[in-house]
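Below you'll find the structures, each written out as structure tokens.
Look at the two complexes coming up: chain A is in both, with chain B in one and chain C in the other.
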Partner chain A sequence: MLACLCAVLWHLPAVPAHNRTGDPGPGPSIQKTYDLTRYLEHQLRSLAGTYLNYLGPPFNEPDFNPPRLGAETLPRATVNLEVWRSLNDRLRLTQNYEAYSHLLCYLRGLNRQAATAELRRSLAHFCTSLQGLLGSIAGVMAALGYPLPQPLPGTEPTWTPGPAHSDFLQKMDDFWLLKELQTWLWRSAKDFNRLKKKMQPPAAAVTLHLEAHGF
Partner chain B sequence: MALFAVFQTTYLLALLSLRTYESEVLSEPLPLTPESLKVSVNSTCQCLHLQWTVHSLAYHQELKMVFQIQISRFKTSNVIWVENYSTTVKQNQVLHWSWESELPLECAAHFIRMRSVVDDSRIPESGFWSNWSSWEEADAQNLLGHDPLFVFPKDKLVEEGSNVTICYVSRIHQDNISCYLEGVQIHGEQLDRSVTAFELKNVSFIRKKGTNVFCKMEQGGVLGGIVLFVSKVLQEPKDFSCETQDLKTLTCTWDPGSDTGLTKQPSQSYTLFESFSGKRTLCKHRNWCNWQVAQDSQETYNFTLLAENYLRKRSVSILFNLTQRVHPMTPYNLFPKNVGATNATMTWKVHSIGNNSTLLCQLELLTEEKVIQQHNVSIKVNGEYLLSELEPDTEYVARVRCAYTKHFWKWSEFISQKFNTAEAAPSEAPDVWRNMKMVSGHPTVSLFWKPLSKVHANGKILFYNVTVENLDKPSRLEVLSIPAPARSTELTLDQCSYQIHVTAHNSVGPSPASVIVVSGDPGNEEVEKGRVNGTEDGFSVSWKPQSGDATGYVVEWCDGPQDLPCVLQWKNLGPNTTSTVISSGAFRPGVRYNFRIYGISTKRMAHLLEKKAGYLEELAPSDNPQVVMSNLTSHSFTLSWKDYSTESQPGFIQGYHVYLKPKAGEQCHQAFEKTVLPEDSVCCKYTIDNPEQKTFVVENLQPESVYEFFVTPYTSVGEGPLDAFTKVTTPDEYSHILIRIILPMVFCVLIVMIICYLKSQWLKEKCYPDIPDPYKSSVLSLIKSKENPHLTIMNVNDCVPDAIEVINKPEGSKIQFLGTRKSLTETEFTKPAYLYLLPTEKNYSGPGPCICFENFTYNQAASDFASCGHFPVTPQAPPPQLGPLTSPENLLKALEQNYMNSLGEIPAGEANLNYVSQLASPTSGDKDSLPTNPPEPALCSEYKMQMAIPLGLASAPPRENSSLSSTTLLGQGEHCS
Partner chain C sequence: MAAPVPWACCAVLAAAAAVVYAQRHSPQETPHVQYERLGSDVTLPCGTANWDAAVTWRVNGTDLAPDLLNGSQLVLRGLELGHSGLYACFHRDSWHLRHQVLLNVGLPPREPVLSCRSNTYPKGFYCSWHLPTPTYIPNTFNVTVLHGSKIMVCEKDPALKNRCHIRYMHLFSTVKYKVSISVSNALGHNATAITFDEFTIVKPDPPENVVARPVPSNPRRLEVTWQTPSTWPDPESFPLKFFLRYRPLILDQWQHVELSDGTAHTITDAYAGKEYIIQVAAKDNEIGTWSDWSVAAHATPWTEEPRHLTTEAQAPETTASTTSSLAPPPTTKICDPGELGSGGGPSAPFFISVLVTLALAAAAGSLLI
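Presenting the complex of A and B:
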């Protein structure tokens, strides 16, 4: 028992400071970020339906799965499972932050090109929500003491079609943007769920406290 | 001379040169072959652009030439287009020609060549074609990348209704490439091994984001597509017009029509061009544009509005004079001034137009959204107008609009202002009517008045003044002030005549008075009653003119049905009127309305002239009378429905129909007519045409027959609802005779019974006399009188029984038991048993005969309970033990208890009723069984216990096993001999 107590005390400094000072720590903000990703998932489902109908068939067909031709600049959400598991918290959060930064820029470009006022309203609303998610991730990173990734100068992503970019390819890009966004929201939900579990107070400390009374 | 020499030399040189040119042109065929042919591809417009020169032309030479151009597709031999292009050619001029291909140029290689011919009239013999130029190839496929599948044309913009050719180029030669237009597969024509074309005819607009056409290979997931932007045809602007509000700025407006709003194509643009000034402006808005009027006093303008998009241009023009297109601005500052009850002054201002321009303004006055006055006023800047003939206390709307006086073009917009005129005293007396009645013996007049119409009230009525003046004797005027909106009041008067003045007051003053004279005696005038017919318009009421001094008439009625409280209505009519139509929205069909017509005398007193009743529309009766049948005989019965009120029916009751269903096979009586009911049953109908006749005797019926009758009233519309018939059976013809016999017989029997009852004592003595009681014997009194105390009557307790007869007596066999001894011996249960309790001196060989007396004057139940026995039953002590009881124990106990109690309550003398009769003769038994010692009381006598018991106990039904058996009584210490 004594050895166990010593081991726990030895590892205590590794626990972030907020756990020891009674501060709720990043737990609630991680939970809120997780909730926000789930809310955005729900919101995106409605928006994507409207937007893909606006693009017309085949983009609004349920089994449409085009090759990813012109959407190379989009941040990819899919990652090998082992790689994902091996990510540390900082890298995990940084990837999320960078991905949503890019996706938000693209979405704003999409909003500018939308032809109907209703669609522009929906996109603007979603952009505001996504901006909130970005702020929430930044809050979690700040709480954990991680710096925010700095955008490289001159690499501001744009979503304006080039001269050789046909309208059909542009539609494909729009399709892929929404699809990647959805995948990122799924991934983020998993990321923040994992982070949430990790940030929960260690059960060993509670056990130790009870056992101390027993002595 | 030198000058002449120079001129001559120059002329000769020129002539020489001309001769040289002519010799060159005319002497040999001109080698004017197109050279330096270059072909370029413009994918945006799907055009082949050609440029070339004709080098062979001499300096300054300018010739009309024709170039024949051949275009082949895929291979040079496949010529798909030949066209002659005529133009004037100069030396070293680069010529251009374009050709738009239906098939996207990226889908096929094109080959172009040309030749030329001089087509100039100055050279008559020049009609020889040059040689063909070499083929030039235009292959846009070379510009494509390495993708396996391409679809063309990319992002083409076309007009709705046009035909479009689409093609795909496949790098991989596969057959399983399918193409779709908006998700629907399309089929095309294969032009080459790797090229297939699809022709889309009459394309239509689908969405702003364009129509999707895509092709995909079944294997590999290769996908290619295009977006075809289909624009709606640009419409010509409609209703194009220009006008000015201030002669400084022209505003031109038009209806642009629909806009496709494609993302590929911006909205159509509008340009305004004025031809006289040559100025042009690009409009910022799609349906209006401003044009600054020049200061150079230009009066006439010729505007052209040009609408254009990427595909088409449309224009429309107008020519006008500026001063004829003046549309003044809306006037402002419209206010009422000095508003009175009947007039008001309106003031307003207008924006000036130019210098000293006059405007024609139109002032309109409205009330309840209707224009009631219209005035035209010419003004420069400030307008003012006095409106008169207004109604007091009325809301008006004044509105003003103006137009340019010099050339009327359009009215300006209206400016409106509401205002209310002031109040004035009511202009008309209220319409007053009265209703006379007696309340607690006092004549009471109810005064009613109608609220003044808005036209006559001239303001809000605050109260009504009622002034009562006694006409018969001078007295002080009585004034009542009744606040509005009351519409009635009640006055209690005496027998005098009174003149009543009613005035309505608003904030300004009173109205003229309405005068009515009433007499304290309401009177019961009997007047003529009549009927009035209702129509769609109402009731047309007429009356006989009153001879003499009638100053008018009043028709009075109640709006509601008779069974509801009367809402008194009246109508004033002039002295020369003898008819009127009374209409009201409250009138309903099937409701009787009563009208009273009054004549108004010169003294303002009303006299009832006539009474009328009528229906707006008569209906059939809604219910049938409650018919009472009486006087039923074998041949007739009487029906009556005297409670049926004809007044409250939905129509004038004209009579009644009596329906009678005769028995089968019987014909209708002569007075009845045969009729068929709705349910197809046949019956007889009798019609009573007098509504007041409410009885009817149905006669000529058959005895002992069933008849069914039914009575219903009828109006001019029809009869009442068909209800259920009531059955009646006529009695037997002789039944009354039987009644005459039976009744007296019953009476006689009753008399006999009463006599019997009264003589019951006598009967008792005659039929069943009481058993003599020794204690009550007169002999006893004689003995006592002789003062012989030793003489007593033997007590039954003194006797010593020598035998007890135990009788097991089942219930129900008592009569048998009593009546026939033989039956007792035959039945085991009823066989008596004898116990010998005390030994006798002499042997007693068997039971002796028993005699049982029964006193029928006692309760039967008590007798049952006591049973027969040779012993007295002592009530003081209960039996020490009870034998087996088959009856319920509770009942037995109750029986015992009651029994004890009853005996306990019995007086001593009565308790001694339990006795053995001393009159029982020992010789009454069987002589053969007599004991040898006659003095010994060998014989037993059977007694019935004689006792009085409570009725309650007596009434309890004795059960078979509830009687005490003899065995249970063995414990008793008393014995009876």
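Presenting the complex of A and C:
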């Protein structure tokens, strides 16, 4: 049962919106966020490989295909195709921000339990990068004038020492965490691609092109 | 009154006798279909005839030697594909047809080969299958698709009988897809299954309409343009990156360029006067694998000497390729002058007249960094 103390994350200092003249707009920071998701996805591949080997079989077997049970509190990347397509920018960014906030929190929990020093190092490094991604998303949201999502009172995730469950179930939770993280990074790349296209630096011909497609 | 009754009686009796006679002496209307395994032995009885009945066997109208007979039964050893045919046995004296067997020699199916691919991400994917070795007899296939515990419909392809299509309902799923196929025929049965993640099977079709043109007054340049594959449904949200390879026909070594954006590229290091072969491949920016190579385009860079044979052959070629490139590909980005070495607007039409070419060259020169 994944539960997490995440209060600290919800109070990330809000990046002030810059109102400089000649501001290139959110375009460059969307590009930077996109690049970060690619970097993280690359980093995760080796981290997940190492961690799954540490968990041992069947978790590190390529055909391992368990039913999705438990790990209900994990933010799920999966979404209906039409719903995903029609997300507005604010919702798209908010979903990404909230997802990574939770995932970072769980990863930190993973780090606390990790057995080897090497694993702890890799996880810590990854957590730092993930924090960077969160900051980058926050920056994009601020530049676009969207408020950072704040947790509703009462829904703030806190540590609840749940009933002790088996080693195997804990490993299953770890497996799904890594899987969900990987899938979110793929999804974010697509999300930021979509945002990037809509925020192209205004060139007259390109703007017309976008308008013709009903963006 | 007494007269018609006995006549009617006789008629009925005669008809009944005829029916009984027909049933006992003529074979079933359609031959019995039988499947036997290649290499095996089979004994074909002559219908309901006694073992010691005098019969003759024929296959596809040709008499069979009596040494194949065991009484009235036909014995075939070590069946080969050539043994397939219509076997008939006849009463030896009356040549009355007693029994027919349509023999099909074949094999039980080996494990089928199944693969799935998404060339239309995010719309869906398709699976196709085949048998590694033929069975020589009809087979039926049954495909089931599971996403976690949910059964998905695989719609048969209208044209290809070994392919079916699945539509994605959800994207970015962490649950794998499992596709199972079973194949069966009269001699046996086999099955296989594959499991995969949504992202791993993404492989676009190759880029289309790859066109390579010489650049006037530039003996070392070739301009290449292409289009995103028409099967890729949403290049805006799911952009493709491209891989270009080129070499002169006379060399074996390819040059490679990876392009993260745009559907045009100018080769600037072509050997003067040599004919080049150029191909392009595509891949989703983040997931999946590279497409197959596109159909090859051929071009020779512009050369100067008017007496040179290749130039004369080239001039009409230039015209032809120029006119065919007047319609810009729909997804070509307007070239950003900040991008590497692409010159000015590679997808813009080239005009044959010298004046306009010069004007364009001047404009291109001013755009180059």
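By our rule, the second predicted complex is superposed on the first by the 167 of 215 C-alpha atoms of A that agree within 3 Å, B and C clash if a C-alpha of one lies under 4 Å from a C-alpha of the other, contacts with A are read in each partner's own complex, and residues count from 1 in each chain.
Quick note on the criterion: a contact is a pair of C-beta atoms (placed from the backbone, for glycine too) under 8 Å apart; a residue touches a chain by one contact, two chains touch by 3 or more.
Computed from a predicted model, the values in this text were never measured in an experiment.
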Clash or fit (per the criteria above) of chain B with chain C on chain A: fit
Contacts of A:171 with chain B and chain C, given as first, second, both or neither: first
Contacts of A:77 with chain B and chain C, given as first, second, both or neither: second
Touched partner set for A:117, first chain B, second chain C, both or neither: neither
Contacts of A:59 with chain B and chain C, given as first, second, both or neither: first
Chain B versus chain C as contact partner of A:194, first or second or both or neither: second
Chain A residues touched - chain C or chain B, whichever exceeds: C
First (chain B), second (chain C), both or neither touched by A:67: both
Lowest inter-chain C-alpha distance for chain C and chain B in the superposed arrangement, angstrom: 6
Common interface positions of chain A, toward chain B and toward chain C: 65, 67
Complex interface listing, chain B residues touching chain A: 151, 154-155, 180, 182-183, 206-212, 214, 221-227, 229, 261, 263-264
Chain C to chain A touching residues, read off their complex: 122, 148-149, 168-176, 178, 195, 199, 236-239, 285-287, 333-334
Footprint of chain C on chain A - complex, ascending: 38, 41, 63, 65, 67-68, 76-81, 84-85, 176, 179-180, 183-184, 186-187, 189-190, 193-194, 197, 203, 205-206, 213
Partner chain B, residues of chain A touching it in the complex: 54-59, 61, 65-67, 69, 113, 115-116, 166-168, 171
